[in-house]
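Notes for the one structure printed next.
Chain IDs A, B, C and D follow the sequence of writing; residue 1 opens each chain.
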């Protein structure tokens, strides 16, 4: 066994390594945050100072008004929330059918579901834009929301949890005359609450971060989401706004960072749910 | 069928159940006919995989018979949904809703049926009272012991006052002591309730102590139906003879003590030490059980087990012994079919 | 079962990858059928001059607005971002407030997304008015989805006499005025007066010819006033594509056949001729001699300008669109760059072959969409004519750095004052005004011009990197001609 | 049989929302894209003519597709293994009972909160050659940061995008591997320790095998992301530097603003379908390669 001195040295070594790695990982975020908290001549000192002095909210404030970030955030919040609720509902329903019901071609249908997970958005976006167009959904919340309401991943995840609910529970309920919908909302859904929370968070993040589809279906200021709106702060024709981008980045990332800290456990569960049960 | 209308006779007519298709088809229940009288405590007894649970589940409506008819009362219920069959079922795993309290679990069947809140609370309380659960109403199943959970499952079943109780090995998850106590409670419960019980088990002690009748099943068929005493005294087949009784009946090879087409069986308590008896062997093991002694002997007719009085002279291991049995205690079975011949 | 299938997939994929590695590389645009015209040599296939039958094009009933009851709602998709979008919105708001017959709603995205959305949309869901950059002329014509502005001009008797001829010509082909120029820009020379002074050059006399540009650069570098003379980029919307078109215009040469596609549909690009080779050889030499620095594709759009303000390795000059002038001055005024103030920025005309003046217009134009509703078309025209009024062009040019499309805008406030106080704003206008009224100065009209620029940008980037000029240009030309042939086969050419 | 049919109506009702949405927004467009793959259309993608199914082969064999395929493969090879190794390294580093380890875990997982857009623009702000923070700080040691800039140099552009991508995925990888580590039963380590295995042997003989489900999952997700990456390319390099098209991967060949097939829905669709097949093949290879070695906890 190691002596105390050796163990102490090891501990110091490990902490230094941890701190070093943490600094490296955090550096981009720190640097951008610092940049966003400076304005005017201070922002582009040469050589660039990494000390947090002369901080001001001017840049963030300017980005907020210039980029209409409040509006963009509300759009993202609204769309992500609706999609999250929708995905939970559709996933619950489909997962129930796959886990508790028997019907012809069940295996094939499930395989079809899984196969859609592999179709890259690159294949579907052009045609989907057409579909949205013919439905009159360009520049609308429907266009942003509806195509995302079904999640194969969600169906898969919830089904996994449902499969772990003892069959006897469903049988006992059916002897009592509990219908499928009632069993779903009174027994199956409450029993899968941790997974549903995780799925919700996962979906929320995914929708919040979506880039390709929103950029294709939205063409107006009214419905634009924050991810797409950020790009307008990096517009090539307007050199004067270089630093606004950093302010926009901070505003766009902040809500998610807060969510990460608050819901860390659910997030971890959501992300790992797919891994552990493969 | 209306709630609480008790016409509790259960009749199975030529019921069969096959699982799977083609080459993988397995017959779980093979052409079974059985009459269960009103307020009877019928035990379906058999080794695991004999089809007894499948049979029970067909009565419940959880499985559809491949052939044959199931009657509850005077109604053919083959196409009736479980909830309309006026039955309640207790599962081996209890199937309690883990996220609901004991009270909510017990009330749930009534809630589903739209029983008014006050009435439902009163009846749940009554059922809980019957099973001694009143102190645990606010707990969730996870906070209860196995025995308590089992009683919650029972309470949830009786609260509905069903015509027929179906129980699928409800005691198998309990320890030995608790199992004994609960057996008595169940018999008591059966006496108090105006319901028919159908009880599936592989434990012959449960069958012998609780059932008004026992149906012994083997490989999808019923070998014998009768009172526990009948089944023990006059087993209808070599299988029943060996399945019931501990230690099991000695089955002598064909020809020994009988003719070429008959196999003879003797229960250990009927095998008596008798110098010059027709069955001779060497003592291989002596089990002292307190109130009795089991004597194992290797003989030309295979291993024999005899139950002897501890007060008598016990032969030592290695000693040569002879056994005999009274003619009225010999059970004869057809050598090929195993069916009782006398 | 599943594993077997998996195996088969994997095997298939492996075969595919091996096949890929072995196969020869054709051009992806050849992947359909081989166009019949791809083998002809450039310049040989000039078809006789054609004009489009105006009668067959949609009409522009500008008086229909009189019959409208209530407010006519029209939708305008534009490609302006940030401050430009704000300014456009201001103009639209003023329009909406000024009258009650028409109400216009704006939707803005980048040009690229606006184009994609417009092309993909069905005619019903297209807006009533769309703003399209100059490289989209032929494509827009081929969508057959718009009302030619020329018809509106005729029908309403709109006076275009004050308009810059080059601005109008840029958006007309085969005798049809398709669109109304709105935001006109062209490339100008941005330079650091400080560096010029430090190098002993006259800060008010920027280079005008390519020879001068080289000489100035030499002096800037030699004197140590700047690390490089000029920052060049190979972006497809700038140094890699658009500027080459500019240089061809300055050299008074056609960039594509069919008189730059304006008399006839273009079938070939001509930029791999001697003029092209000479131009790009010049550029390559500048880079090789350390007089110019390539900032690459300029993906951020401002890399070249930022190079002027760079502390450690600055370039003294850059060629950039005049549209960025307003923003650049604003940035410098904010004091972000301690070593370069707003007054230190000089603007000169784009240096070109022989110092010829003249420039192609860039920016974008307004296309009224044929919605089938005369009232909407008339309302759209009303809004267009508002946007190109002298007052509004003056306002627009003053805040953005774009060039007014009409001469009388110069005499109207606020642009008038700006010109009086800051001559830098007039450079782009002056060089446009000085352009000869010839089809060479109108720029190429080719269906896939956007892709052709991208192809050329690749070649220019290779040339910047030291590749053989002629080979690179020939390769690009072949690919561009493929694109044109392919496009023409699919689009009624 | 009867029971199967009895469940059919409720099953249909419950599947209709998901199945309907997937049909309209995934399956239909997939079929439509496959169909477009053998067509040539006008500028509005409306009037099309058939050019034959061998278009798929000619697209696959074209220089541009091959080049972008190589970029995609390179990008995958850069991001996936490095991302995995870093993720495992961070997880092992943080899987110790030390005071304050929670803070480090939060830091290591923090990049999961960044979207593709945010992460890419963060790196844009860092790497812009004239004004970028990193470019400003480190150009004395790495001149390429300034001239022509990490994102503008043919040699470094793809690695630079990969760097941004690896950084953005690090939080995700860390979380999954960390969770995998924590689900390894402690008695396995103890028995290995008792058996005299040193820390390296414990890592290779206990940790890694028990991590295989997590590693498989992460590698599938990272590979899919790498093969389908579009946003980071669009925001950082737009497929450039143009001279070599060093970052024009397949998605960018299809969707990039200055792609030669930008307005050609037929060729685009053909390329997109080929990308789909590539993703399928990769997923199959990964499941095959890993499949037998994966230890599932249950």
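By definition in this document, a residue touches a chain if its C-beta (ideal position, glycine included) is under 8 Å from a C-beta of that chain, and two chains touch if they have at least 3 such contacts.
What you are looking at is a predicted structure, and each value in this text was computed from that prediction instead of being measured.
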Farthest-lying chain, centroid of Cα atoms versus that of subunit C: B
Dominant interface by contact count, named by its two chains: A-D
Centre-of-Cα separation between subunit B and subunit A, whole angstrom: 55
Computed distance of Cα centres, subunit C from subunit B, in Å: 90
Distance between chain centroids, defined by C-alpha means - subunit A, subunit C (Å): 38
Per-residue overlap in subunit D, given as positions that touch at least 2 other chains: 3, 124, 131, 280
For subunit B, residues contacting two or more additional chains: none
Subunit A, residues touching no fewer than two other chains: 44, 46, 126, 231, 234, 242
List of subunit D residues in touch with subunit C within their complex: 40-45, 47, 49, 51-52, 55, 58-66, 69, 124, 128-131, 139, 146-149, 151-154, 236-238, 240-245, 253, 257-264, 266-267, 270-271, 277-278, 280-282, 284-285, 287-288, 291
Sites on subunit C touched by subunit D in the complex: 3, 6-7, 9-10, 12-13, 16, 20, 23-33, 112, 119-120, 139, 142-143, 145, 234, 236, 240, 293-297, 299-300, 303, 306-307, 309-310, 312-313, 447-448, 450-451, 453-455, 457-458, 460-462, 464-465, 467, 479, 483, 486-487, 489-492
Subunit A to subunit B touching residues, read off their complex: 166, 168-169, 171-178, 182, 187, 190-191
Complex interface listing, subunit A residues touching subunit C: 40-41, 43-44, 46, 66, 126, 129-130, 133-134, 136, 138-139, 215-216, 219-221, 231-243
Touching residues on subunit D, where the partner in the complex is subunit A: 3-5, 7-8, 10-15, 17-22, 24-30, 32-33, 36, 90, 93-94, 96, 98, 101, 104, 106-118, 121-126, 131, 133-134, 136-137, 167, 170, 172, 175-176, 178-180, 183, 213-214, 216-218, 224, 227-228, 230-231, 235, 250-251, 254-255, 265, 268-269, 272-273, 275-276, 279-280, 283, 294, 296-297
